Amino acid sequence: MELIVRDLAVARGGVPVLEGVGFQLSAGAALVLRGPNGAGKTTLLRTLAGLQPPLAGHIGLDRDAMAYAGHADGIKATLSVQENLEFWARVFGTQGVQPALEAFNLQPLAARAAGNLSAGQKRRLGLARMVVTGRPVWVLDEPTVSLDVDAVAMFASAVRAHLAQGGMALLATHIDLGLAEAQVLDVAPFRARPPSPDDFDGAFL
Amino acid sequence: MELIVRDLAVARGGVPVLEGVGFQLSAGAALVLRGPNGAGKTTLLRTLAGLQPPLAGHIGLDRDAMAYAGHADGIKATLSVQENLEFWARVFGTQGVQPALEAFNLQPLAARAAGNLSAGQKRRLGLARMVVTGRPVWVLDEPTVSLDVDAVAMFASAVRAHLAQGGMALLATHIDLGLAEAQVLDVAPFRARPPSPDDFDGAFL
Amino acid sequence: MASIWEYANPKKFIETTDRLLPWLSVTALLCLVVGLVWGFFFTPDDYKQGSTVKIIYLHVPAALMAINAWMMMLVASLIWIVRRHHVSALAARAAAPVGAMMTVIALATGAIWGQPMWGTWWAWDPRLTSFLILFLFYLGYMALWSAIENDDTAADLTSVLCIVGSVFAVLSRYAVNFWNQGLHQGASLSLDKEENVADVFYHPLLVSIAGFVLLFVALVFLRTQTEIRARRMRALIARERLQ
Amino acid sequence: MIALLIRDLKLGTRAGGGFGLGLSFFLIVVVLVPFGVGPEMGQLSAIAPGILWVGALLACLLSLDRIFALDWEDGSLDLLATSPLPMEGVASVKALAHWLTTGLPLVLAAPVLGVLLNLPQAGIWPLIWSLGLGTPALSVIGTFGAALTVGLKRGGLLLSLLVLPLYVPTLIFGAEVARRGAMGMEIATPLLMLAGITCGTIALLPFASAAVLRVNLR
Amino acid sequence: MIALLIRDLKLGTRAGGGFGLGLSFFLIVVVLVPFGVGPEMGQLSAIAPGILWVGALLACLLSLDRIFALDWEDGSLDLLATSPLPMEGVASVKALAHWLTTGLPLVLAAPVLGVLLNLPQAGIWPLIWSLGLGTPALSVIGTFGAALTVGLKRGGLLLSLLVLPLYVPTLIFGAEVARRGAMGMEIATPLLMLAGITCGTIALLPFASAAVLRVNLR
Amino acid sequence: MMPDLGKYAQAVLSSYAVSIALLVVLVAMSVWRARKTRRELTDIEQRVRRDG
């Protein structure tokens, strides 16, 4: 399995943000996206995950292979940690949430209502969801926000375990994850040039 | 004028967060609060600003001397930058928003609707409000979030100008502001000890 | 004799009520059984209302308790606002569902009674209408309690709601009176002997009312204990998070 | 899909889930109307079916914004969109969950509240029938409206405005059934129309809702 | 204080400000009712004053959650609380702004919509009087409810549940004035009561609102 | 033993049935919740004492 992206252009709020993005990722590899605030990392990841159509270009893998985790974790405050995970397991048709709980050291919290977790614990729950999906390509937008050092290490080893099973991971992040083996892609050079104002068509620009 | 805080205890969501906090700040001085996430900096600042009552202790200055700026900027998206500032000027009974606009280089944006600003520009507008209040004690919670380097320098010089006029500033922040002259208070040592579980009273602990 | 406020200590409250509860519940049950059995089996039919008069042994005590429960909540709310004793706020919270249930019973028995007497389940009579409004107040009060996470905030807000609501409940009562003159009986439990219902009906009614009062007190004690424990549980969980 | 339904029902019935709020609102509207139009039973009984229908419709309407807004705010909707569930399925399940937590209680409560408005005995079954057949359409149409306005801040009132015109046909036929029933007339024709509307919306609208949701998620 | 009023009015009338939404809701309720109760003019005209009052009340109700929620979300409320304005003043100004953007338009629109419901000529002035005197009370009471529920997620329906019973006296007297007026009867007594309620709430409730707001800001 | 309730038997009996049922429900709910919280609190107290 391989993820090949060629000449991708993405837009946010009607404005092209990135264009000409291309990379190639094979099974067992990870790609880290970097770039300043507002560069378009989130937009790119959402496009790859199939949440929005690309402006142009080609994504060489079905969106059904991807599992996406964005800025928000989609956690229901009134359900317990276990219930939250079990719900996603059932949606994705997988069984058993124990491995996911273990990977992020959530067993002691399993029965706690998710609303009573601290921000970092919530984030760990959000990441544990990725394990539960059973999908090969993880698309993660700033996964380590509000995690402390131990939890970041936990996360890195979860990603490594996933890669070792032949999975892939795409991550946007500002910090160092300790994933030395990952490729890095800086999106800044792909910033979309504003179209010429004479080109009065399509997007009226 | 002097701000003397003695033996202050503050609580958030019914749980004591900090206790025994004490410091002294004289006119023209600044105090930077530091501490890990969730230590209670925000709670402490809200208490000082009079938004919530302290659990115990004494704050030796009237809350009418303080101007507070929190995580949220209170910006109205449909009003222009100038209108936003003018509103606060009238509320605080001061005149003229020009100095504030200048201090944060907002003149070029004065007529722009505040909703169309980038995150950093919004933050600059939020900080310009402090200048407009005309109050001697600035209470600032993470003022530099989403500011770039130039804007941080702008902010530091605005604070210095305020101090030079005999004002005071209390700031909670994780980054280095370039305010070398400021005192630093780490709140971590003041963390409230959990009360003994046998103490079945008051807050039921 | 120690100050009454001593019982505002949650632990003390639980200890005291634990001792009282068995007695209370037994007497409540006894009064209820005696009152209702006496009323149901051993009273004659009214010459005008026939056997439906037996409904009075449920209807009137429930109606009384519905109002008194709100009164008790009002007092407890005031105590919380003035003296900030947590137990009183929790007692108000505990009483609300009981009061609401009493209101429902009064409404239901009244409606069932109205069918043979007035030929309709419901009429927009002032007494009936103000009861319906009281029920709405109970609903809102309980909904507000359960919507707010922070206990002290919830206690403050519900107390203010209870006070403001009481004022408006009284206002509504007058408004409703103005709006419609009703069918319902006047007060027959007044001290003036002339107006009272006949003694045959009166005595079992008193026993039944006593039963309802005792039941109410017992339930409020029990539920306040529960609220105290739940509150302590939340505090302990929060404390764990603190560490 | 069943997992989603179960989760939504759980969320709806747990603390703060809003179960019962629609019902209380219904109750309140029904109580307010006599205060407005006066206490005469004859007049109330004449307008009872209509008021009950309008009240049920408003109660339904006001609970619509919970359908997607909460999932949108906490990001669940993004995650559901990238899950194996088809968007159409999500929209249908959401509508079903809304009906079960709002519409169904309204149907069950309506006869009781009918008593307050002195609804004639004969009108009770037609009322139940019409609401039972009509409220699913209200939920499905409402889900479409909620999908349209998801992501708008305080979209509640706008949502009401968008949805209300769409509710008009359902309301007309539903209230007609209830009114004719109360007057002891024949109700087959409007009931059939109502059933037609309900089936049509259930069959078709989830596709529109799904399309609109996808647009809103971009 | 005036600055706050001007700002709120500006915000209300700019895009997305919600000005007009209450009005449209009023319109829609008034339009829906004939669909519900049937088109006979005699009956409609009898219930017209009541329906107009209930409709105005609901329109008012649904716009309540905007009073504080937006300021709460963007942090303005915190800043206002630390400003020199007293909380009581903030609560009063907010109520006034709500009345100017919602209540006043309803008062002006009511006679026009009365025509739709065949309101008798004689009832028009009493209707305007009763709404004009009553809607300020609705705004002030509603501000109290909004202050109670500020900070609750999706508190809208809860807000309705809390506020509606508080609206009952106002509604009763207001509708009574309108109804008696439409029947050509004497209206002085209920009008006086209505005025009393309005004055009382305006004088006292802002203190409760301010207290509640302070609690909610903690 | 049963008193003759005449033509109002249905009304009287149903109101007794409804009221007693409601009271029983109220009492049962209260007792059930009391038991449950008491149990949960003991659990948590033990855990807290153990973990310090």
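Which chain is which? They are A, B, C, D, E and F, in the order written, and residues in each are numbered from 1.
The rule is short, and it goes like this: contacts are C-beta pairs under 8 Å (C-beta built on N, C-alpha and C of every residue); 3 or more make two chains touch, one makes a residue touch a chain.
Here the structure is a predicted model, which means the values were calculated and not measured.
Chains that touch both chain C and chain E are the following: B, D. Mostly identical positions are employed by chain D and chain E in their mutual contact, as over half of the interface residue numbers are shared between these two copies. Chain centres were defined as the mean of their Cα atoms; on that basis the chain farthest from chain D turns out to be B.
In this assembly, the chain whose C-alpha centre lies farthest from chain A is C. Distance between chain A and chain C, defined via averaged C-alpha coordinates, is recorded as 55 Å. If you average the CA atoms of chain D and of chain F, the two centres end up 33 Å from each other. Inter-chain centre distance (chain C to chain F, centres taken as mean C-alpha positions): 15 Å. Chain B and chain C have Cα centroids lying 48 Å from one another.
Multi-chain contact residues, meaning those touching two or more other chains, occur in chain C at positions 133, 136, 139, 143, 147, 179, 232, 236-237, 239, 241.
Multi-chain contact residues, meaning those touching two or more other chains, occur in chain D at positions 15-16, 21, 24, 28, 35, 38, 73. Residues of chain A found to touch two or more other chains are 118. Every residue of chain C that touches chain F in the complex is listed here, in rising order: 36, 40-41, 45, 50-52, 54-55, 58-59, 62, 97-98, 101, 104-105, 108-109, 112-113, 115-116, 215, 219, 222-223, 225-226, 229-230, 232-233, 236-237, 239-240. The touching residues of chain B, when paired with chain C in their complex, are 13-17, 192, 194-195, 197, 200-205. Taken together, the chain F residues at the contact with chain C in this complex read 1, 3-9, 11-12, 14-16, 18-19, 22-23, 25-27, 30-31, 33-34, 37-38, 40-41, 44-45, 48, 51. Within the complex, the chain F residues that touch chain B are 45, 48-49. Those residues of chain C whose C-beta lies close enough to touch chain B in the complex are 9-11, 86, 149-152, 228, 231-232, 235-236, 238-239, 241-243.
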